[in-house]
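Chains here go by letter, A, B, C and D, matching the order in which they are written, and residues are numbered from 1 within each.
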Amino acid sequence: MIGIAVLGTGRIGRMHAENIAAHPRARLAGVYDINTSAASEVAAKLAVPQFESVEGALAASDVDAVLIASSTATHADLIEQAVEAGKAVLCEKPIDLSLDRVNECATRIAGTRLPIMLGFVRRFDSGHAGVRKAIEGGRIGDLHQVIITSRDPGMAPDAYIEASGGIFRDMTIHDFDMARFILGEDVAEVTATGSRLIDPALMARCDDFDTVTAVLKTSTGKQAIIINSRRAVYGYDQRVEAFGSAGMVISENRTRDHTRHFTVDFTDSAAPLKNFFIDRYADAFAAEISAFVDAITHGNPVPVGFEDGRQALILAEAAIRSAAEGRPVAIREIG
Amino acid sequence: MIGIAVLGTGRIGRMHAENIAAHPRARLAGVYDINTSAASEVAAKLAVPQFESVEGALAASDVDAVLIASSTATHADLIEQAVEAGKAVLCEKPIDLSLDRVNECATRIAGTRLPIMLGFVRRFDSGHAGVRKAIEGGRIGDLHQVIITSRDPGMAPDAYIEASGGIFRDMTIHDFDMARFILGEDVAEVTATGSRLIDPALMARCDDFDTVTAVLKTSTGKQAIIINSRRAVYGYDQRVEAFGSAGMVISENRTRDHTRHFTVDFTDSAAPLKNFFIDRYADAFAAEISAFVDAITHGNPVPVGFEDGRQALILAEAAIRSAAEGRPVAIREIG
Amino acid sequence: MIGIAVLGTGRIGRMHAENIAAHPRARLAGVYDINTSAASEVAAKLAVPQFESVEGALAASDVDAVLIASSTATHADLIEQAVEAGKAVLCEKPIDLSLDRVNECATRIAGTRLPIMLGFVRRFDSGHAGVRKAIEGGRIGDLHQVIITSRDPGMAPDAYIEASGGIFRDMTIHDFDMARFILGEDVAEVTATGSRLIDPALMARCDDFDTVTAVLKTSTGKQAIIINSRRAVYGYDQRVEAFGSAGMVISENRTRDHTRHFTVDFTDSAAPLKNFFIDRYADAFAAEISAFVDAITHGNPVPVGFEDGRQALILAEAAIRSAAEGRPVAIREIG
Amino acid sequence: MIGIAVLGTGRIGRMHAENIAAHPRARLAGVYDINTSAASEVAAKLAVPQFESVEGALAASDVDAVLIASSTATHADLIEQAVEAGKAVLCEKPIDLSLDRVNECATRIAGTRLPIMLGFVRRFDSGHAGVRKAIEGGRIGDLHQVIITSRDPGMAPDAYIEASGGIFRDMTIHDFDMARFILGEDVAEVTATGSRLIDPALMARCDDFDTVTAVLKTSTGKQAIIINSRRAVYGYDQRVEAFGSAGMVISENRTRDHTRHFTVDFTDSAAPLKNFFIDRYADAFAAEISAFVDAITHGNPVPVGFEDGRQALILAEAAIRSAAEGRPVAIREIG
């Protein structure tokens, strides 16, 4: 049994703690949060120790690994501390909002053989992963175009948006990683454009966008199109389409159950979409923990690592520059 | 060009007249209705002659065939007259509400080489016909079960129901023919049950049902299940499912257009179902005319003939007896 | 934490044991099987005690309840023993193949206040339960017709079929319970018919059927149609349709993931159906344990109890008689 | 009855001639083609006169309007001649490959009150038009994003591609018009990118692309994303998605019939997509003729006119420049 400590017991940390506690091959070694009452609540509920400090968690002999789910600004520091303490790491995205800080962190942990995994959970969704598998199995021939639709069910609170680093670093970063995952080759160029259609005042104040489109191109001409909105009133819209020389495969939305409804008012209506990322990607979050445990146990390479986190941020930086300057931005211009 | 006269210019006769007028290989030779103003309206609109009598229509040298769309009670007489006049016939279902009258008519027209076709239009629906084709092509292996869902969008007027001969002869008769079409072998036994759930008072008065289920079985054990309701508030529900040793094929409902709608209130909602048999089976009605014209022109056997009309009525009689007596009724008991 | 012992560690017992072990409010108190090596394997894997006898399990003070997943012939005895020992019971279906034995058991446990729950797991499926909820919420108005399609992915081994008590007691029993669950009122009459289309020789030898249809009717005229096959080559086909005066709701099949595939050979093809009852109803099995734990903890009535098991068997008996005698069988004729 | 002459009896001209001949409010006045044998075949089949020259057609007193379906290079000349002769015009897209020629034609016909309609047939598709109607009816609130997927079923012959004026003028032009139709406001900027993935050699020789993406933006920030491929092996892929503040509406693909297939090899597979533009848009082509006849008869403005043809070409020019220069191109830079 792999002992894992969870650092950060906000909404997503709590969910991870529960998944680890329920995992057949992992053990929740304890939890820590700077907000001690939040941590003690989770510790009590799951009947595990509460660490008094990060240092305490990292010093514990029954802690093999840490899951970092604290605020973004602490991620890089915690990765560095964990590596120094010899602990494997599963870190929520993004590594940091600053590419310089990410690069610095990369330098500091260079050479470690510890598994350092990034929490791009969508790679573990059976539908999205099924798209990748279909491509690898040759079912659509040569890949030509990838279309990623990713719309949040509702605007995050203003304070969240203001501290988010902007839509490309905060939200689209998942899609940049998905594009890399599905494309299977390096992106050469990003062209992005943003609009302020949902909350123009907030967006103007933050110099941010709520509605964006990004077109990515590889050196061989493969295209990935990312379509984002901060608010889809019908729920959490998460689709991936891959088109190739021999066919197409689509990963579809998930509804709350498998019913269809017919009345005077509507025809063949599905149940509502799963509306919250923790519900929508529940299976994927569990599979992510399994993959992490397997990487530690068997010494497998992590399926998505630090460099993937860095590359996604590079795409975000390119998109930011593209949208600001109104031109395609070559990846080689960044970082 | 085959010249066709339309006898009966009610709702369905008008529709047939328009289809014939628009058909590239047929010519609308004229129309007749006992209601002369109804007939003259159609004649004027389509710029064709109005016959003053059935005899006049049957005597016209440019009339090669007649389409009988008058009231049910006149069908058998008109078939006999047309055959005597040497005209091909396409007759709306049913031939008659009385099996005795149908048998008498069969005797009188026995030996004719004229094409006598029955208007079981659903055989010409691309979806339902696609089910039959899939079976013939071996795509589902040996056929085991057929499920026919057939629900009208709304109750017909009381007067219609009262004169209809009952749901089995009036409505289910389409499904009996569909069952025969899909099964591809003779039905040996019918078990039917009826309920009065939509308009119990009217149904009791007419000794009729508004909600029925019939289970048909062939001598080899194939099963066909027919599910009927006189009123589906969501529209005209017309589905056929065929299940066999190697797979299943389903003919699905038709919506008014191919849009899908997502809002706060509904998810992936289709456009409303086509709500009226003339819309739902528009393509099938046109294909039916083509098949009739082809049978006349090339001397092909008609795809659905007088005997098919008689057999469907026999199944209806068996269902009526089964529902009344609460027992399976063998087809050999009837007629 | 409720302590639950699992009696019987075959395929389904093992699955239940794992679900109990992973449940946040239950504790797997130990396992027992007459096949001691099967039991010890499960005990070792889940790190729980192995009981040496049923008596040992029932005597253990940390056992609050038992889950009976042993062979059918032992169910009634074990229920009686458990009740005598003061333990709550969750028993796999059926209670017994003999209605007399079930009635005897009912008499013996009469008056117990212990939760006695029957394992009709499909009631806990979110789709099927969603159909029931839609009805209760008035979304389809008055219920008129229920259509339950239930086809196994493949024939069970001959030995299983031979000892199964026949398709109606073994397989359709789930659908009889589902019909009762969805109808929400008592069935008055059953008409069933069976065919031998998949393995005629085996079926003739066992006086059994592999392809059956049953039509159930309540005293108010509601109809439920059950469509069964022992082998659907395309996977485990599990659908429920409820039709009423104000609409229709359908619980659809489950696929392995949410991808759609388009190639030269097929269009908009789904991933394969979940093919095994343990996968298809995985969520439902977990929800079933939760409902059982809640019934024990809060003293709630069990959502599906002994009498539900008895009523489903009565419907099976009626169906057997109906298929044998070729007539509708009134429920009051049975038991 | 409006008399319409068809100029050009290639594949699309023949189809239009048949639609006009079958139209209840139009009359096919005759046909002309520089290839006289092609024209005489159509004239014979439809039993209409064959004109010996364009001048002859335009001089005929029973010709109220002309449908121009000849080669692209003749369109502008024929429009000018028809207007001079006082005939209404329905012209296939594009008006010309040269924007200068289009502008010249615009000048020459300026001030005419004759209906001049452009054959952007997709506007008449019930699905795509249903999207526009949903927007106009306020069903999705404020429009934010439009996604148009438009993939041909197979590469046109090399000679066609070579003379086509490039993918943006030849194929994407339909999507540019669709974007304008759905957006309902002027496009301000186009960013396009192209790849050579299907036939790189041919594309390099023609300085053309076979796989393109274009992102259009209006001055208010609405986005339209066009996704094109010259070859989708699974058929003619034609979808439109509109996303707004209150919901989403999607126009889906069309299959050959409404069957679904389940076997060992595939699950819930649809019939193949309609594979040819004449089949896929058959209803739309008929509706287009109706709209033209209505415009002539009632003096309604044409639903899609000369200026729409010019604007679509401007977007194509902008896309060509954008793809060539690797930058967004403002519409005001063109023409």
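We take it that a contact is a pair of C-beta atoms (placed from the backbone, for glycine too) under 8 Å apart; a residue touches a chain by one contact, two chains touch by 3 or more.
None of the values given here were measured: they were computed from a predicted structure.
Visitor: From the C-alpha centres, identify the chain that is farthest from chain B.
Guide: A
Visitor: Between B-C and C-D, which chain pair is linked by more C-beta pairs in contact?
Guide: Counting C-beta pairs in contact, B-C comes out ahead.
Visitor: Just the number, please: Cα centre separation of chain C and chain D in whole Å.
Guide: So the centroids are 57 Å from each other.
Visitor: Distance between chain B and chain C based on Cα centroids, please, to the nearest Å.
Guide: 41
Visitor: Tell me, which residues of chain B touch at least two other chains?
Guide: 232-234, 246-248, 253, 261-264, 271
Visitor: For the complex, which residues does chain D have touching chain B?
Guide: Listed in rising order, the residues are 18, 22, 24, 126-127, 129-131, 134, 139-140, 246-254, 256-264, 271.
Visitor: Which stretch or stretches of chain B touch chain A in the complex?
Guide: Within the complex, chain B contacts chain A at residues 232-235, 253, 255, 261-273.
Visitor: Sort out for me which residues of chain D touch chain A in the complex.
Guide: Residues 141-142, 144-145, 147, 149, 151, 191, 193, 195-198, 211, 213, 215, 217, 221-223, 225, 227, 229, 231-234, 237, 243, 245-248, 326-328.
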